[in-house]
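Take a look at the following structure, please.
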Amino acid sequence: MDKLIRLEDAVNLVSDGDTVMIGGFLAVGTPERLIDALIAKGTKDLTLICNDTGFVDRGVGKMVVAKMFKKIYASHVGTNKETGRQMLEGETEVVLVPQGTLIEQIRAGGFGLGGVLTKTGLGTEVEKGKQVVEIDGEKFLLEKPMRANVALLFAEKADVRGNLTFHGATRNFNTYMGAAADISIVEAGKVVQLGEMCPDEVVVPGVFVDFVVDGSEL
Amino acid sequence: MDKLIRLEDAVNLVSDGDTVMIGGFLAVGTPERLIDALIAKGTKDLTLICNDTGFVDRGVGKMVVAKMFKKIYASHVGTNKETGRQMLEGETEVVLVPQGTLIEQIRAGGFGLGGVLTKTGLGTEVEKGKQVVEIDGEKFLLEKPMRANVALLFAEKADVRGNLTFHGATRNFNTYMGAAADISIVEAGKVVQLGEMCPDEVVVPGVFVDFVVDGSEL
Amino acid sequence: MDKQQTQEFIARRVALELQDGDLVNLGIGLPTLVANYVPEGRDVLFQSENGFIGVGPAPTEEQIDPCIANAGAMPVTIVPGGSFFDSAVSFGIIRGGHVDVTVLGALQVAENGDIANYMIPGKMVPGMGGAMDLLNGAKKVIVAMEHTAKGNPKLLKQCTLPLTAVNAVDLIITEMGVIEVTPEGFVLIEQNPDYTLDEIKAATGAPLIISAALKQMA
Amino acid sequence: MDKQQTQEFIARRVALELQDGDLVNLGIGLPTLVANYVPEGRDVLFQSENGFIGVGPAPTEEQIDPCIANAGAMPVTIVPGGSFFDSAVSFGIIRGGHVDVTVLGALQVAENGDIANYMIPGKMVPGMGGAMDLLNGAKKVIVAMEHTAKGNPKLLKQCTLPLTAVNAVDLIITEMGVIEVTPEGFVLIEQNPDYTLDEIKAATGAPLIISAALKQMA
C-alpha cells in the first residue's frame, strides 16, 4: 500500500465543518505546507484540536488569522493575539484543556479507551459539568476521548507505508493524533522507500497513517 | 547520575513479599540473568505482575518452578504446566488479566492516571466485582492502576543514565513497568557511555530507570 | 480429510475473507495457517500482539533472531515496511479498532455471537492472553475451527463455558461451511458439498438458517 | 534592586532548593532563570513538557536547531544523556510523580496552597498549558515570583482568580523571603534582610507566621 499523495489531493480530504487535529507545539513539528495549502483552499467552519494556536505567522496560528475555525480546543493560546481577540469578541469558541489531559483524551480516542481519569483540573473551572469518579476513596475527573475527521501531522521521515520517525521535540501530539482521526495525513520532511526504514527505528507505525505528503518535493 | 549496578547488588533490592513486575513476552525480552540471580538468592512470597509465566526452563517460568510466587497476575499461563499445577492445587493464586488491560493498568500506575476504562472483559468473569462506568450511554469496565515495589526489565542497550533502546519484539511490557515501580532495574544487553546514545533514538527515557546491570559483562 | 487437511481447508477459506490493505491478527493454532493462503497480489499485513506489524514467513536456520518471535513464541521474520512497538501500542491498535480482521479459534460460539475460548474451569485454564481485547476491538471477528469437538456441537444456542466476549463473532468458518452470525441467529451461507444440510444441522447445537443465496464452499 | 536584579535574586535562591539527581520542570519567565544558578557539581536534569529531558543552555548561532526548542518556543540545546519523547510520555512523567520539582510563577497563592496562574477573566486568557498537570503531579511545587503586583499582595487568604490547582503549592520564594505553605498557613522561614518583618507582613494578604528558626535569606 503506497500511501503517497500530492499536496493538492491531500487538502481536498478536509471538508468545511470538519474537526481537525493538527500536530505541533508552538509551531515546532507542525505541518506548515499542509496548513498553507488549506489556507489557500479556504476551508471554513473547522473545529481545531491542537496543543496551542501557534503564532500569527507560524504554525496553526495562520489558520486562526484566516478565520477558519469556529471552535478551538487547546491548552494554550497566549502566543497568538488573534486567538485572544476572536475569543474575547465571541467570534470563535475556545475551550482550554490542560495539556496532559488533552494528549490523553486524544490517545483514548485513538486507542479505544472510554475516557481518562485524572486529578488534573479537580477544583478548577476545568471540572465544571464533568463526571467525578471516586476510586478507592480518591477523586478523579473523567475526561472523554477525543476524535477528529482528519489529522494533519508532521514527521521528519516517513516510508511509503506511513511508518514515521522524528527528530528533536517535534513528536509532541504527532504520535497519537493519527490513531484518533478517521483520515490522517502526514507531511514528511523526507520519504524513503519500502524496506529503507529499520523496523526498530519506527516511532509511529503506519497503521495510524493514511496518507503521506513528501515535504522534500515542496 | 551513573546508574550502573552489579548483579549481586541489584537482586538485593528485591525483598521477600515484594510485588515485582517483570518484562518479557513468553521469554522474549525477559531479564534472564536477573531472574537467575534472584532464584540463586532464594527470594520468596513475591507477587508477580507479568504478561505470562513463560516456560518451565525459560523466562519468569523458572521462578514459578522455584516456587517464589504467592500470587500471579498474568494474561496467559498456558505455556507453563507448573503454573497450572500450582493454580489448580491452590498453592499459588493466579489472577488472569486481559493482555491489553494489563499493560494499560501498568501504564496508569506509572503515569498517575486513576484507572483504565475499557470494554474488554465486559460480560465475562473479568467483570466480577468491578465498577462499570457509563459514559454517554456506553458501558466501560473500570480497571485499577497497578504498581510494584520493583520492576525487572530487559533492554537491548542502555546508557549510564538509564535511557533504553530495544530490538525486535522485546519491548512488550518493558517500556512502562519502570514507571510503575518504586525501583526499576534494567538488564541491558549492552551499556554505552554518556552521550553515546542519540536522544532521538531513546525509547524509554532514563527517568523511569533507577539501576542498570550490564548484561554484556555477565 | 485428515485433521491436517481439514485445518488447511478451513484456513484456505478464511484467507479469502482478507481484503486488500487489511491489517489482520491471527490466533495461535489453526488461524496461524491462514497466512499461507493469502490470495496472490492481495496486500495484507499481519499484526502480532506481542509487538509488531508485518509478520513474515518462518525464518531459515540462519535468519533466526531470538528477538523476533510471534505471540506463540515461534520464530518468525518481519517484512519490509513492518514495525516493532510495545504492548501499549499493540493493544491501542487492537482496542482502537485498527485491526480489520482477527481470526481466532473457539471452544464454543453462541447464536448471538458470544464466544468461549479461554478456559475450561478446573481442567484447562491457560488464560485469555489478548483474545478478549481482540474480540472487542477488531472490526471483523472470524472464528476458524472444526465444526464439532469429539462429535459434540461447538455452535450452540448459549455457551456453557466462561465467555471470552459477548456478541463478538461475525463469521464462523468450519470444514462444513461458512456461517454468519446475524440478529436472527446462525445463517449458513456456504456449504461444503461433502456434507449434506442435514448433517450440518445435526452437527450444530442451535437452529441453522439456510441462506436463500446458499453457495458452495470455495 | 531593579526588576531584573529582583528576578535573578529569586532565581538564585530557588536554585538552592534543587537536590542532586532531581528532575526539574521550570515554567516560562522568571522560573526559566533558575537553570543559570544550579550550584556547581549538583546533578540536575531539566524537563521541557513539549518533549524532552536534558534542556541545555541556549545554542550558539550555529548550534540552533529549529526542532529543539523549549516549552516557550525558545531555541535550546540538549545535554548528553538527554532524550526526546512525545506529549503522552512527557505528561506521564509529570502526572506520574516523576518530576521532583516544578518551579512556576503565580498571579495569586492562597494560604492553603491554592494557586491561580493561568487567566484573568475577560482580560488575559492564555490558557493553562501544562501548569495544571505540573501542579498536580510534581513532588514539590515551588512558586517563584515577586511578592506583590503593583503593590497588591499576591499571597492571600483565598484566591479571587480562577484556580489552576487546589492545595498544590509547597514553597513560595519572593524577593522578600522564603515562605512555606503549611497546614497552619504561610510560614516565613527565611527573610531578606533588606525588608523588615513588618514590611513583609504588610505585603502579604494573609496571616504570616514567623518561623522560630527564621534564617536570613541566602
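For reference, chains read A, B, C and D in written order, and residue numbers begin at 1 within each chain.
The rule is simple: a contact is a pair of C-beta atoms (placed from the backbone, for glycine too) under 8 Å apart; a residue touches a chain by one contact, two chains touch by 3 or more.
Owing to the predicted nature of the structure, the values given are computational and were not obtained by experimental measurement.
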Shared touching partners of subunit C and subunit D are A, B
More Cb-Cb contact pairs, comparing B-C against B-D, go to B-C
Averaging C-alpha coordinates per chain, one finds the centres of subunit A and subunit B separated by a number of Å equal to 32
Per the C-alpha means, the centres of subunit A and subunit D lie apart by a whole-Å value of 29
Whole-angstrom distance, CA centroid of subunit B to CA centroid of subunit D, is 35
Where subunit D touches two or more other chains at once, the residues are 52, 78, 84-85, 91, 94-95, 136-137
Residue numbers in subunit B touching two or more further chains are 104, 107, 112-113, 118-119, 166-168, 200
Among line, ring, star, complete and other, the chain touch graph is other
Listed by label, touching pairs are A-B, A-C, A-D, B-C, B-D
In the complex, subunit A touches subunit D at residues 25-29, 51-52, 74-79, 84, 87-88, 94, 96, 98-101, 103-104, 107, 118-126, 156, 166-176
Subunit A partner, complex, touching residues on subunit C are 21, 23, 43, 45, 47, 52-54, 78, 80-85, 89, 91-98, 136-137
Given the complex, residues on subunit B that touch subunit A span 104, 108, 112-119, 131, 133, 135-136, 138, 140, 142, 144, 165-168, 200-201
Within the complex, subunit A is touched by subunit D residues 48-52, 65-69, 71-73, 78, 84-88, 90-91, 94-95, 114, 118-119, 122, 124-133, 136-137, 162-167
Seen from subunit B, its contact residues with subunit D in the complex are 1, 107, 110-113, 159-161, 163, 179, 194-195, 197, 199-200, 202, 205-208
